[in-house]
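You will see chain A twice below: alongside chain B first, and alongside chain C after that.
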Partner chain A sequence: MASKHEVHASNTREAFANFFKGIGEYFSDFGKAITKGDIGVKLSTIFMGAGYFARKKYIVGILATLFEALFVVMCIFYAAPNLAKFGTLGTTVRSTQFDPVTMQNTVIKGDNSFLILLNSVIALFLIFVFILLWIHNIKRAYELQQDSEKGMHINTFVEDVKSLVNGRFNITLLTLPTIGVILMNVIPILILIAIAFTNYDQQHMPPSALFTWVGITNFKNILSLSNNSAFGYAFFKVLGWTLVWAFFSTFTCFLGGIVMAKLITYRKVKFPKFWRTLFVVTIAVPQFVTLLLVRYFFGDTGIVNSICSSIGVTDFLKTIGLVKSHLTYIPFLTSPGWSKFMIVMINIWVGVPYQMLVATGVLINIPESQVESAKLDGANAWQIFWHVTMPYVMFVEGPTLITDFVRNINNFNVIYLLTQDTFVTTNQQLANANAKEVDLLVTWLFRLTNDYYNYKMASVIGIIVFIICAVFSLIAFSKFLSGGREESYQ
Partner chain B sequence: MKMRKFVALAAVASLLIGALAGCSGTADEGNGGSAASDDAIANLIANTSGTVSLTVWASEEDQAYTQGLIDEFIAQYPDVSFDIQLGSESESTCKDTVLTDIEAAADVFAFADDQINALVDAGALQPISAFYTYDVAAENAGGAVDAATVNGQLYAYPMTADNGYFMFYDSSVFTADDVQSLDSMVAAAQAAGTKIAMDLSNGWYLYSFFAGAGLELNLNDDGVTNTCTWNAAGGTDVAQAIMDYVATGVVVNMTDDEQATALANGEVSACVNGTWRAETAENAWGANYAAAKLPTYNLAGTQTQMSSFSGCKLVGVNAYSDQIGWSMLLAEYLTNEAAQVGRFNARGLGPSNIAAASSPDVQANPAIAALAAQADYATPQRVGGNYWAPAQTLGEILSSGNPDGIDLQTLLDTAVEGIEAPVA
Partner chain C sequence: MENTINDKVISKNDTLAEKELKLRSKKKSELASTIIINVLIAIFALIWIIPIVWLLVTAFSKYRGIDTAHFFPAQGWTLDNFKIVLFEPDSVVQYMAWFKNTLVIAIFSCIISTVFVLMVSYVFSCMRFRGRQAMMKFSIILNMFPGVLSMIAVYFVMKQLGLTNSHVGMVIVYSAGSGLGYLICKGFMDTIPTSIREAARLDGASEAEIFFKIILPLSKPIIVYTVISAFLAPWADFVFAKLMLNSGISSDWTVAIGLYNMLGKDLKSHYFSIFCAGGLLISIPISALFVLMQKYYVEGVTGGASKG
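Let's look at the complex of A and B:
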């Protein structure tokens, strides 16, 4: 085991070293291109097409210069006006004057902090991309210079275009998804990160009001444990429950799934297909329908409570102290302790069928030889389960387990649908931060943005959730997907 | 600088064009507006070229009636081509949708008056500084106009004045004298073996006890944070009174939904609720259905009248609308006397218009009469967002009998701390 860890650690170190070495090489190549390049290469630092012209690649040269011109136009008409206001996020507030005679408003257009932020981030991103392409262009020009010095063939424009559908088809294929990822993921994430450092909330809502940079104040508020910060108190409470929930929900479903699968594949069980189908049918019912129904079953005046009180369960729980004596019902989804327990239980109900399906697949594929040899060695069913079945299942399902854990940190549906509008916190400090005992970071985040327009705090929580998920995902990937894993299961 | 000059020029130009067009434009016969406002409408018609596209948001239940009004409105101006789209948006959640993207929100929208501060704060509402077809401030009840006013400026057109709460009761259980005091109601309900329901773990209803005792809850000038004196002298008496009533087992904490079920199956014979439950109550109690103002309650030995939040539904004009003039005219049309009378007849909603409210039909409606009686003790709802969660928790703790035995003063201090908290 020890050596395995060392290998693992050295792999990580190597990866980091390679990463920085790569960056170093990137810039040293660039320096070499500029110092050793001929006049064409040197000129291409100013006119991007110069290096191509020097190699008689006129069309590419014109395209590169046009691209550069387009960038300059973008800078002047889009980037500059927005970036000029980026430091303050706007100073003019919109004002209107109504003229009762014409029945029209005279409007003095104000700054829209959000649009300034959005456009600035896009502009900065474009500038960053341009710099990368600019460096690449100079290196390319130097490569061409070297090629022509060596007397190698230099592609014509037509040959360049043809290579995009043949040899370098991967570049063509990846262009569209890359643009999509940038528009859908990268830019919004950058905006989200930026908002965490502003005072964007209900009192500072564009387009009628401005918001501005406040540094790390928001992070200080949420991470401070002092009593005067309800947010700090609530954050650690909510974080604690989020992790507890993620742990229990992941492992209960996982183990439950394996046990179910094991039972169904057990030789003495009649009609295994029937049972399996029965469980799979529960998947076909949309989760939110199940949850909303279950929520009414377990409500304070719901059917489960009336059954429990008529058969005496409620009174029994009162005598043993699990239900407070003043209540006439079991607070399944209204007291913190009971709700947390019920949420995990109900999650088992809706989550186990999926895990059972996965586990069935894995169990069917357990090498029969191993089970047979264990039997020959005198192992009983229990020992076989723990020493043969479980290691095999863990080996196959390990990575899924970690990703499930990360997904459960963000498991919005179960918590929100079961407790929204019915669960009232009796913890006044939590209430002061608009949080509840059963909130996950993500449901708290939702309430802050949706009901209280507290975008800045929501962004801070979003970033923290992202960091937590990233850490767990990194562990998952380095632990379970590192190289040489195929040989490790014997 | 350049921009401002341009705007100034455009303003002057539009004034000129307006004046010129006003001379040649055909005068419209407004419904009783002054000569000046008729001129303004005539100008507007003359200045309007192309299609006037407007979006209106009204609640799901109000769609059919509102569509009828819109059609009548369009018919009033045959020279103008309109494209008015009616969308469905609940008055109670209108603010959320509008604030998400003000520029994409409807030109004219209906909302509950508790949202007016947030909407004004976000600059979403066009200030109503002129009236064209009727005098909004004079024709509506004072309370409704107050509810539509922020810092002395009218921001919306009152549409209904029935968004408050009062007491529904079963007159076979309670006499009209019983419902004057919560104590006698409790006695009568005990005798009959039924319950009195109220949504105590809800800041909206919880307010009635504290405000009745003269404790204050106000919105600060910033329009977002609150000032609250519930933890001042006498506050603990109010908290104790609520706990005492819950301890009788007769006054029960039920949400609106739970009350609907409990009314139907006969569990409760009285409930504190609003006009939207009138139908449920009437179905449950039939001829014994009755309503009254809220009763007095026993505050440390003194009978004290319960207060309440009054509420109106308002129609606002989006400050970012391209068609401010037409939007204002349409909003006026949707809220004028005729529209309010029609709305009462069609949907049973209590009018804010004084003339409409004084009609015998409206007066004969028990729920609306009760609401009118409660109006003397009601205040418009002026609270910031941080009120609700702490008040909800306070109500939950009190209505469950303070199970952890927290000192009442501490309980109130913590609640007030949350209510008064700055918007973090």
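Let's look at the complex of A and C:
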């Protein structure tokens, strides 16, 4: 065990070392290019096309210089005015002023903090990308210089273009997807991180009001355990339930899936295909249909409640104290305790068929020899299940188990569709923070943004959730995907 | 002497009889366990199918609200709910418009997503270049950040671009970041033997030719899987659609939001059975595609393995 840990540690250390070595090389290459480059290379630190002109690559040279000019124009007209206000996020509020000359109200267009933030983030990102390209350009110019000194062939423009479908095909293929990811993932995440350090909420909504930087106040607010912070109280409550939920939903569905798969593939079961189709049908129906349906199925005045009260289940639950005596129904989805239980149960209903499909595939591939030798050694079915089947399933499904856990931390649909509009919290402290007992961090975040415009807190929650998910994922990767594991079943 | 022989015979007879008895009881217990296990699975199936049956029967119910006392419609059966859903749009039910919107969004985002995923998978699986490892690691970390969390920022970016309440915006939201979901497809392409690509390269084929003429035709099952899963995403999505299409003009909505809206506080007592009819109609094509997708997924994964 100790040696294993050492391996892990050395792996991580190596990875870190490689990372820094890579960065070091990146900059030392750059320094070499500048110091050892000829006049063309040195000039290309100012005019990006210079290096290409020196090698008679005029079209590329013009394009590179044009690109640089475009960047300068962007800086002057877009980046500079926004970044100038980035420190304050705007100072003048929009107002109307009476103009005695024209006898009319004129609107003084004030600053819009959000636009300043958004544009500044985009501008900073563009500048960052430009610097990378600028460095790359100088290195490339130096490479060309070396090539020509060695007397190697230097590609013409046509050849350069042609290489985009051959040697540099990766650039052609990756450009659009990368732009998409930057637009949809990178920029939004950067903005989210920035907002977490501002006071952007309903009282500070541009354009009628401004918001500004507040440092780590929001983080302090949410992580404080003192009783006067509604958000701190709500956060730890919601976090607790989120983790409990993620644990139970993941493991119930995982075990349920294996049991179900075992059951259906059991040799004595008649018509296994028919049963499997039945289960699969239930996951094929979209969740927003089934979950909304189930929500009314278990409503306070829903059909399950009518049946339960007519056959006496409601009264029985009252006598054993599981339902409060003043109620005439079972609060399946309206009391905290019952809802949490029901949400996990309903999630089993939603998740087990899917896990069954996965588990069936895994169980088919169990090495026959292991089962046979276990049988020869006199193991019974139960022992085989626990000592042969389960280790194998854990080996194959271990990593997915963690990804499922992370996905369940963010399982928006099940919670939102089952409890939105119907579940009302009676806990005043939670209500102050716009949270509910059954909320996950994500549903809380969604409500904060969509209904209460509390963007600062939503952003803080977003960052915290990301950190939690990242930690679990990293543990998973280092535990399951580190070296030496692959061979166990080969 | 005799005695012992007799004893032996008796004991032999005894064991034979015992064996037969054991065999019989074994058969009996086998029969019992067969029955038990089949009944058990039938009970499970019943639990799983009840809500679906409820959906089915309520869709044909004459009573429009939520029947709290009867499982099967007590006021009689009718096809009216389907007629309203399909042919008689009103201010609440714009089913055909929703269907059309979702279909258009799904088709376009499916095309873009599939193209992106295939491009990224090919690059990471078949090409070797500097920065490949770093890009793959970075994309894995980025993919850990759930889309739901950054949706406010996505919303603002789209609003700045003037793309909220527009279907173009929805297509972008669903497909722009799809390049990150390359893992399954790359896994498949990894199983295609490198010797095929090397042979083609020796014959003078360019990377583009290898991509279009060799890898893509060999990747059919995983392409079908990618196409179907990308096509299904907009039908199942609820969060982004609700955030982005917030103008309140019901004819702009997607099926998911439209159906959700029918169960609002004031509407559900008049529209519940219509909701069921609409939900049922949407479920049929989606289930069919889902089953097809599963088939191709299995084919892609197992077929790929045998090839490698």
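Quick notes
What we mean here is this: the second predicted complex is superposed on the first by the 469 of 490 C-alpha atoms of A that agree within 3 Å, B and C clash if a C-alpha of one lies under 4 Å from a C-alpha of the other, contacts with A are read in each partner's own complex, and residues count from 1 in each chain.
Simple rule for what comes next: a contact is a pair of C-beta atoms (placed from the backbone, for glycine too) under 8 Å apart; a residue touches a chain by one contact, two chains touch by 3 or more.
Bear in mind the structure is a predicted one, so any value in this text is a computation, not a measurement.
Once chain A of one complex is fitted onto chain A of the other, the partner contacts of A:450 extend to both chain B and chain C.
Of the two partner chains placed by superposition, only chain B is touched by A:94; chain C is not. Residue contacts after overlaying the shared chain place A:231 against chain B, while chain C stays out of touching range. Looking at the shared chain after the overlay, A:432 reaches chain B, while chain C stays out of its contact range. When both complexes are overlaid on chain A, the residue A:254 reaches neither chain B nor chain C. Look at A:197: by the touch rule set out above, it reaches neither chain B nor chain C. Of the two partner chains, both chain B and chain C are touched by A:301. By the touch criterion defined above, A:130 lies against neither chain B nor chain C after alignment on the C-alpha atoms of chain A.
By the touch criterion defined above, A:142 reaches neither chain B nor chain C.
After superposition on the shared chain, chain A has more residues touched by C, the comparison being chain B against chain C. Looking at chain A, you'll find residues 301, 450 touch chain B in one structure and chain C in the other. Residues of chain A that touch chain C in their complex: 22, 114-115, 118, 165-167, 169-170, 172-174, 176-178, 180-181, 183-189, 191-192, 195, 260, 263-264, 266, 268-270, 275, 278-290, 292-294, 296-297, 299, 301-303, 305-306, 349, 353, 357, 361, 406, 410, 412-413, 416-417, 421, 442, 445-446, 449-450, 455, 458-459, 462, 465-466, 469-470, 473. Residues 3-4, 7, 11, 14-15, 18, 39-41, 43-44, 47, 96, 99, 102-103, 118, 121-124, 126-127, 129-130, 132, 201, 222, 224, 258, 261, 319-320, 324-325, 328-329, 385-386, 389-390, 392-397, 400-401, 403-404, 411, 414-415, 417-418, 421, 423-424 of chain B are the ones touching chain A in the complex. Chain A makes touch with chain B in their complex at residues 94, 96, 98-109, 201-203, 205, 207-209, 221, 230-231, 301, 324, 326-327, 424-434, 450-454, 457.
Those residues of chain C that touch chain A in the complex are listed here as 30, 33-34, 37-38, 40-41, 44-45, 47-49, 51-52, 54-55, 66-71, 116, 119-120, 122-123, 127, 129, 132, 134-135, 139, 141-142, 144-154, 156-157, 160, 172-173, 175-180, 206-208, 211, 235-236, 238-239, 242-243, 256, 259-260, 263-265, 268, 272, 275-276, 279, 282-283, 286-287, 290-291, 294, 298, 301.
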